[in-house]
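Input: a single structure, listed below in C-alpha cells.
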Amino acid sequence: MSQTITILNGPNLNLLGQREPDIYGITTLADIKDMCKSAAEKQGLNINFVQTNHEGELVDLVQQSADSVGLIINAGAYTHTSVALHDALKSLTIPIIEVHLSNIYAREPFRHHSYISPLARGIICGLGAQGYVLAIEAITAGR
Amino acid sequence: MSQTITILNGPNLNLLGQREPDIYGITTLADIKDMCKSAAEKQGLNINFVQTNHEGELVDLVQQSADSVGLIINAGAYTHTSVALHDALKSLTIPIIEVHLSNIYAREPFRHHSYISPLARGIICGLGAQGYVLAIEAITAGR
Amino acid sequence: MSQTITILNGPNLNLLGQREPDIYGITTLADIKDMCKSAAEKQGLNINFVQTNHEGELVDLVQQSADSVGLIINAGAYTHTSVALHDALKSLTIPIIEVHLSNIYAREPFRHHSYISPLARGIICGLGAQGYVLAIEAITAGR
Amino acid sequence: MSQTITILNGPNLNLLGQREPDIYGITTLADIKDMCKSAAEKQGLNINFVQTNHEGELVDLVQQSADSVGLIINAGAYTHTSVALHDALKSLTIPIIEVHLSNIYAREPFRHHSYISPLARGIICGLGAQGYVLAIEAITAGR
Amino acid sequence: MSQTITILNGPNLNLLGQREPDIYGITTLADIKDMCKSAAEKQGLNINFVQTNHEGELVDLVQQSADSVGLIINAGAYTHTSVALHDALKSLTIPIIEVHLSNIYAREPFRHHSYISPLARGIICGLGAQGYVLAIEAITAGR
Amino acid sequence: MSQTITILNGPNLNLLGQREPDIYGITTLADIKDMCKSAAEKQGLNINFVQTNHEGELVDLVQQSADSVGLIINAGAYTHTSVALHDALKSLTIPIIEVHLSNIYAREPFRHHSYISPLARGIICGLGAQGYVLAIEAITAGR
Amino acid sequence: MSQTITILNGPNLNLLGQREPDIYGITTLADIKDMCKSAAEKQGLNINFVQTNHEGELVDLVQQSADSVGLIINAGAYTHTSVALHDALKSLTIPIIEVHLSNIYAREPFRHHSYISPLARGIICGLGAQGYVLAIEAITAGR
Amino acid sequence: MSQTITILNGPNLNLLGQREPDIYGITTLADIKDMCKSAAEKQGLNINFVQTNHEGELVDLVQQSADSVGLIINAGAYTHTSVALHDALKSLTIPIIEVHLSNIYAREPFRHHSYISPLARGIICGLGAQGYVLAIEAITAGR
Amino acid sequence: MSQTITILNGPNLNLLGQREPDIYGITTLADIKDMCKSAAEKQGLNINFVQTNHEGELVDLVQQSADSVGLIINAGAYTHTSVALHDALKSLTIPIIEVHLSNIYAREPFRHHSYISPLARGIICGLGAQGYVLAIEAITAGR
Amino acid sequence: MSQTITILNGPNLNLLGQREPDIYGITTLADIKDMCKSAAEKQGLNINFVQTNHEGELVDLVQQSADSVGLIINAGAYTHTSVALHDALKSLTIPIIEVHLSNIYAREPFRHHSYISPLARGIICGLGAQGYVLAIEAITAGR
Amino acid sequence: MSQTITILNGPNLNLLGQREPDIYGITTLADIKDMCKSAAEKQGLNINFVQTNHEGELVDLVQQSADSVGLIINAGAYTHTSVALHDALKSLTIPIIEVHLSNIYAREPFRHHSYISPLARGIICGLGAQGYVLAIEAITAGR
Amino acid sequence: MSQTITILNGPNLNLLGQREPDIYGITTLADIKDMCKSAAEKQGLNINFVQTNHEGELVDLVQQSADSVGLIINAGAYTHTSVALHDALKSLTIPIIEVHLSNIYAREPFRHHSYISPLARGIICGLGAQGYVLAIEAITAGR
C-alpha cells in the first residue's frame, strides 16, 4: 500500500466529458485516470483513483489514504464548504496536492475560498487534466 | 522572440537563498533560472528571466512579453496589491501561469487575494522552485 | 423516462406531518406525493418522487434526472449550504422549479440565500403542499 | 368589494412588451391583465388591476386593498427599496402573494433582498405572466 | 406664516387608530392634530399639520416650511430611506424636531438608521402622541 | 421611596458647564438637578439625582431604582459600551427614559448605537437640559 | 421630438441659487436652463428641461425621453437610492450622461454610490453649471 | 427505548487516540464509550453510542433519537456547517447537550459558530472525554 | 490558600432569584454558593465565592486568585466586553472554567462572543446552577 | 511655465490603440495628445503631456506640476490603489480634473473607488478621448 | 500642581515584572516610576504616577490631571474599549502622550483600535519602559 | 557600515516645509536630517538618510540596510499600501522603528492600518521631527 498515490475526486466530476462536450471538452474522468496511471507507473507507483458525490465518503477515503505516498485531491464543490474534509486532511502526514481542472479564482466568489488549501503542500489549478499529471510529478519529486 | 518564455519575478525574490538559509533554504533565484533554462531548452525554447522590486518595471516587462510563447509570473507582494499589473496582463493574449514558491493560502489573509489569478490560465503554488518547471511544462503542453 | 417529472425532497422532509401536527399540520410527504401524482397524471406524466437526508444522494438523483421533463426540488437545508447540489443542477438542461413549503424569507437570515435559485427557472415558496402542484403546472405550461 | 382580488404592478411594468420585444417578449401588461381577469372569473371573482410608477401611489393602493380577497403584488424596483410599502402591507390582514416575472435571485445582488417577502404568504418568481395566474390559484385555494 | 409650526407626517400614519385598535391603540392622527393645535395655541402659534404617503410631497412640504417657527417631522418609513428628504431638510435654517410614535431602536435593524437625525436639533421617540406635544415645547422653549 | 424619580448621570457629566463654557455653555449639572427638582415637585414627586464615572456604580444604582416611579438615565459614554447596564435595566419594570444632552446621531458613528435604547420606553436627545424636564413630563403623563 | 435633448433634474434642485447664495452661489436652475438652451441651439437642437421632487415623475419622464437625441440627468438624491430610476434608464437606447453639480465623491459616503452610473455613457461631476454644457457637447459629439 | 441516552459523534472522531498520540492523547472513542456506559448505568440507563463521517447519517440518527431520554451530540466539523443537522435537532423535544472535546472558541474563527448551540439545552466544551460524562449528569439531573 | 477554588460572579448576578421568580426561577446566588460549597467540600476544598457589579473589582479578584486550585468565572455581561478581564485571566496559570447559567448562544448576537473563552480550559453554559457544580468536578478531575 | 496645462497618464495607457483595435478602437495616446494640444492652443496655453507606468514617477510629476494652470490626470490603475498619489495631489493648489476613458462605475467593483476623486475639482469619465478636451474646457472656463 | 506630569497606568499593569519574569522581563511598575521620576526631575518637574484596574477611576484621574503640564497614559485594555476615557481625555487641553509597552499592532486585532489615539498629540508603543521616558521628553520638548 | 543608522523617508516627504509653511510648519526634510545627524553623532554613529517617491526604491533601500545598526522608516503613504515593503522589512534582523510626523490615527481611516507596524520593534507617531530623534534614542538604548 505504501507504493500507492491516492487520487480523490469529488462531486459531479463523474460527469466530466459526458455532457455538453462542445463546452467542457471530451476528456472523461476515465481518461484522466489513464493519464495518471501512466504517469505514476513511470515512477514505479500504483494509483488508487476514486470518485464520489458524497462528502462523508471523501472523509472516509482521506482517512484510508494515510499510508499512501501522497494524496492528490480535487474535492470539487466540497472544497469550498467542507470543514469535515479539512479535519480529515489535517490528520494526514503525507504530502497533499490540491488540484482543480478550472481556474477557480476566475469563477464565482464562493469558489475562491478553499478549506483544503491551508493543509496542502501545493495547489495546481486551471491546467485541466494535465494538472493531475503535474501533481504526480510534484509528489514524486518531493520524495 | 517568439521562441521565448518570459519569466518575471517580483519584489524581494532577489533575496532568495541569500539570507537565513536554514529557514528559507539555499536555492537562489539564479538556481531557479538555471532550472528554468534547462527545462525550456528541452522544449527548444529560450527564456527571458528577470527580477525587479519595482511595480512599474513589472508593468513594462509584462507589456514587452506580448510576443513570447508564454508568461510565467511570480509577482511576489505585487500579486496582492497591483491593479496596474492586472491591467497589463489583461492586454496579453499569450498563456499566463501564476507561480508562488510558498502556499499563499496558508499564510496571512492579505496574501489570499491575487489580482493576477483571474487572468491566468493556471496557478501553481507551494511547490517551490519546481513550480517554475511545472509551469514551463504547462505552457509547452498547451501549444 | 422522458415522460417523467422528477421531484426531489431534501433532509427532514420525511418528518412532515408526523410530529407535532398541531404546529406543522397533518399533511405528510406521502400526501404531497399523492397530490403531485394526481396533478401530473392530468398532464399525462409520471412522477419520480424521492426523499433523502443525504447531500450526496441528492447530487446522484439530480444527475439521474437529466432526461426528465422537468425537475422540482425542495432541497430543505441543503438549499442554503450545498455547492455540490448547485454544480449538479448546473449540468442539467431541463427546467428546474425550486419549491419551499414555508416562506424562507420570513425565517432566519441563513435561510435567505439559496444555492439553487440562480439555476432555477422559477421559485415558489410559502404556499405549502400546493406549491408542488403549482410547480407541476409551471413545468407543463412551459412545454 | 369583498369579491375582488387586487393586483398591483410597480414601476416600469407599463413598458412590458412595448420595447425590444425580441428581448423581453411580446406579452404586454394588458395581456397579463386579461389572463388574470379570466383566471379570477373562473373562481367567481373580479380583479382590480393597477400599474403605477409612484411609490406613494403603491402605498395608497395597498391601503385601499384592505377589503379585497387577496393582494397580488409585483412591486418592481420598489420591492428592494421601499420600507413605506413594507409598512403598508403590514397593516393588511388579507393574504399577500409576491410575484416577479423574472427570477430576481439570478440577477444583480441588489435585487436579492425584498421588503415585501417577509410579509407575504407566498412568493412566486421567474415564471413570467403565468406567475400571476398561479398566484390567483394560491389565493383562491387558500380560502 | 412666521407664526406657524409645520408638522409633517409620512406614509401610513393616516391609518393610525383606524385598524386593529386593540393593538395600536385608538388615538387617530386627527386626535394628534388636535393635541398639537391645543399645545401650539397656548404658545400663541398656529400649526400646519399634514400627512402624505408620497416622498416627493414630503420634499415639497419641507421646502415650503422654510418660514415656519419650527418643523416637527415624523417621516415614517421615509426616515430610513430618503436622501431626498435629508437634502430638503438641509436647506432649512429653522429648528427641526424628529418624532417617532414608537421606539424605533427596539424594532427591526433597518429602522435604526435615520437620514433625518443628523439634521435635527432633537429627537423624541417612543412616547406616542405625547412626543408631538413635547416637540412643540422644545421648539417654543428654544425661541 | 415610591414617590421618587431616579435620575442617573454617567461619566464626565460632572464636568458640565465647568470647562470651556464658551463651547459647552454654562449650564452645570447642578443647574439641571434644580430644573428637574422643580419639575418633579410640580407633580408631587421627589428626585434622586446622581452622577458617577463608574460603570459598576451605575449598575448598582439602576438596581436600587426598582421601586422608583420611573428612571431617567443619561449614561454618557457607557450608553455605547455597557452590556452590564443593559442587563441591569432589563431587570426593571418601571418606565425608563433615555436622555442625551447632545444629538448623538449627529456625532461619531460609535455614538450611534445604544445598549439602553431597546429597553427604554422613550428616547429624548439633542434638547440639552430641557430634555430632562421633558422626560419627567413623559414619565408623569404615563402614570 | 427626435431633435430634442431631454435634461432631467431631481429633488431640491429647484432651490438652487434661491437660498443662502453666499454659500451655494447665485446661479439658479433657470440660469442653467438658459445655458443649456443656448448650447443646444448651437447644435440645432431643442431641449426639454424639467425638474421634479418626485421619484415616480422622474421614472415617467425617463420613459418619455425614449425618442430624444440624448438624456442628461442630474437625479439629485435619487441617484443614490432609486432602483426604479435605474430600471427606467435601462429601457432606453439613447445616450445618457449623468451630471452632478458638486463632486459627490468628496461628500458623505452615502453619495458615493450611484444607481445611474452603470447605465450612463459618461459621468461629469463637480463642474457646476458648466457640467451640463459639457454634457451637451458630449452627446452631440457622439452623434 | 425510553431508557436510553443517545450519544452521537461526527466526522473524524473515529481517529481519536489512534494517530499522533503524543499530540492528541491516547484516549480512543472506545474509551469514551466505556466511560459513558459506566456513567449511564449508574443512573440505570443504556446508551446508544454511534460515530459516523456522514452528515446525512447524523440527520437520520438524530431523527431516530426522538424517544431517547436525552441526546448528547459532538457533531465535529458538521457543527459549523450543517443546517440539515440544525433542522433535525429542531424536531426533537428531548434535552440536547452539545459536547466538544477541545475548546472550539480557542481555535480557528470558522469553529466559533455552531448551528447546534441555539437548539441545545447546554454546551460543554474543552473538557475532553470528561465532557461526555458531565453531559450525562446534566441530562439525568434534569429529569 | 492553595486549597481554595475561586468562584467569581459578575454584574447583575446578585439579582438572581429575587425578581420575577416565575420567569427566572427561585434559585438565588446564595443557593448556588451553598451548592458549590457542598460540592467542593466533597473534594476537600474550600471556596472563595464573590459577586460584584464592577469590572475593575473582577480584575482585582482574578489577580488575587493566582494561588487557587482553579477559577470558575461567570462574568455576566463583562464576558462580552472586557478586554481588561481577558488580560487578567491571561496572567493566570491555574485552570479556568467559564460558566453561564443560560445558553448565551441562544440569545442576542452580542452575547455570542466571549473575551474569556479563548483563555478557559473549558466552557459550560445553559445548565443553570448545576453548571457550577460540573465546573468544580472538571477542575478537581483535572488535578 | 504658468501658461501650461499638465496632463498625466498612468499605467498601460501607452498601449491605447496599439493592440486589438477592433475592441479598444484605434485612437492612440498620441492622437489624444494632439487633440489636447489643439484644444489648449485655442486658449493660448501649452500642454505638458506625459505617460508613465511607474507610481513613483506619477508622484514626481504631480509635484512638478505645482505651477501649471491646471492638472488633468488619468491615473489608470493607480487611481484605485495609490495613497502616495493622493498625498501628492493634496499638496497642489491648482485645479485638478480626473479623467477616465471608460466608465469606471460600469466595470469591476475594485475600480469604483478613487483616491483621486476627493481631491479633484471635477471628474469626467466614460467619454473617451473627448473627456480630455472637455477637461481642458473645464479648467480654462474656471480661470 | 502645574509643575507636574501625570502618568496614568491602566488594568493589569500592576502585575508587571511580578509574574513569569522569564517571559515578561523583570522590570516592575515601580522601576518604571523611578525611571520617570528621574527623567522628569532633570526637567525640573514632579510626576504623579498612578495605577488602577478600574475604568471609572481612570476617568476620575484624567479629569483631575487638567492642570498638569502633560498627561502620559498607558490605559492597557481600556485603550480598546473605553469611550468614557475618550470623553474624559477630550475635555483636556494639555498635551497627551499615549504609551504602550508592547507593540499593540503586532498583537490580536482587537488591540489595533485605540479610543485614545485620536485625542493624543503622539503615540509611542513597543519600546517598553523607555517609552515612558521618551514621552516625558516629548512633553517637555513641546513646551 | 555597521556604524550606521539607516533612515528612510517615503513619498512626498521631500515637500516638507516647502509649501504652505503656515499650515505644515517650516521644518524641512533637510532640517530633520541635520537633527538626526547630530543625535546620531552623540552616540558615535553615522546616518544614511534618504528620501524617495518610489515604492521599488524603498524596497531596494530596505534590503541594503541589512547591516545597519537599526532602521528608522517613515514610509509615508506606502505605509498603508505596500506589501512589498512589508516583505522587505521581514527579511531584516536589525531593529526597526516606524516613525510618522503626524498622528495617523487622528486622520482618515485608510491611514489607520500599517503594513510596517507588525514588523517594527516600536512605533512613534504624532511628535513631528522630534519623533526621529526619539527613534534614534530608542535604537541606541536597545543596543
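Per-chain residue numbering starts at 1, and chain names A, B, C, D, E, F, G, H, I, J, K and L are given in the order in which the chains are listed.
What we mean here is this: a contact is a pair of C-beta atoms (placed from the backbone, for glycine too) under 8 Å apart; a residue touches a chain by one contact, two chains touch by 3 or more.
Being a predicted model, the structure only gives us computed values, none of them experimental.
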Least step count from chain A to chain E, where 1 means the two chains touch: 3
Chain pair equivalent in interface to J-L, over half of contacts matched, among K-L, E-F or C-H: C-H
Same or different residue numbers at the chain C/chain H copy interface, by half rule: different
Intercentroid distance (Cα basis), chain H paired with chain A, Å: 31
Length of the line joining the C-alpha centres of chain G and chain L, rounded to whole Å: 48
Junction residues of chain F, two or more chains touched: 54-57, 81
Set of all touching chain pairs, with the criterion as stated earlier: A-B, A-C, A-H, B-J, B-L, C-D, C-H, D-E, D-G, E-F, E-G, F-I, F-K, G-J, H-I, I-K, J-L, K-L
Residue ranges of chain D touching chain C (in the complex, touch as defined): 103, 105-106, 112-114, 117-127, 130-131, 134, 137-138, 141-142
Residues on chain H engaged by chain A in the complex (per definition of touch): 10-12, 14-15, 19-20, 52-57, 76-78, 80-81, 110-111
Interfacial residue positions of chain A with respect to chain H in the complex: 54-57, 59-60, 63, 66, 81-84, 86-88, 91
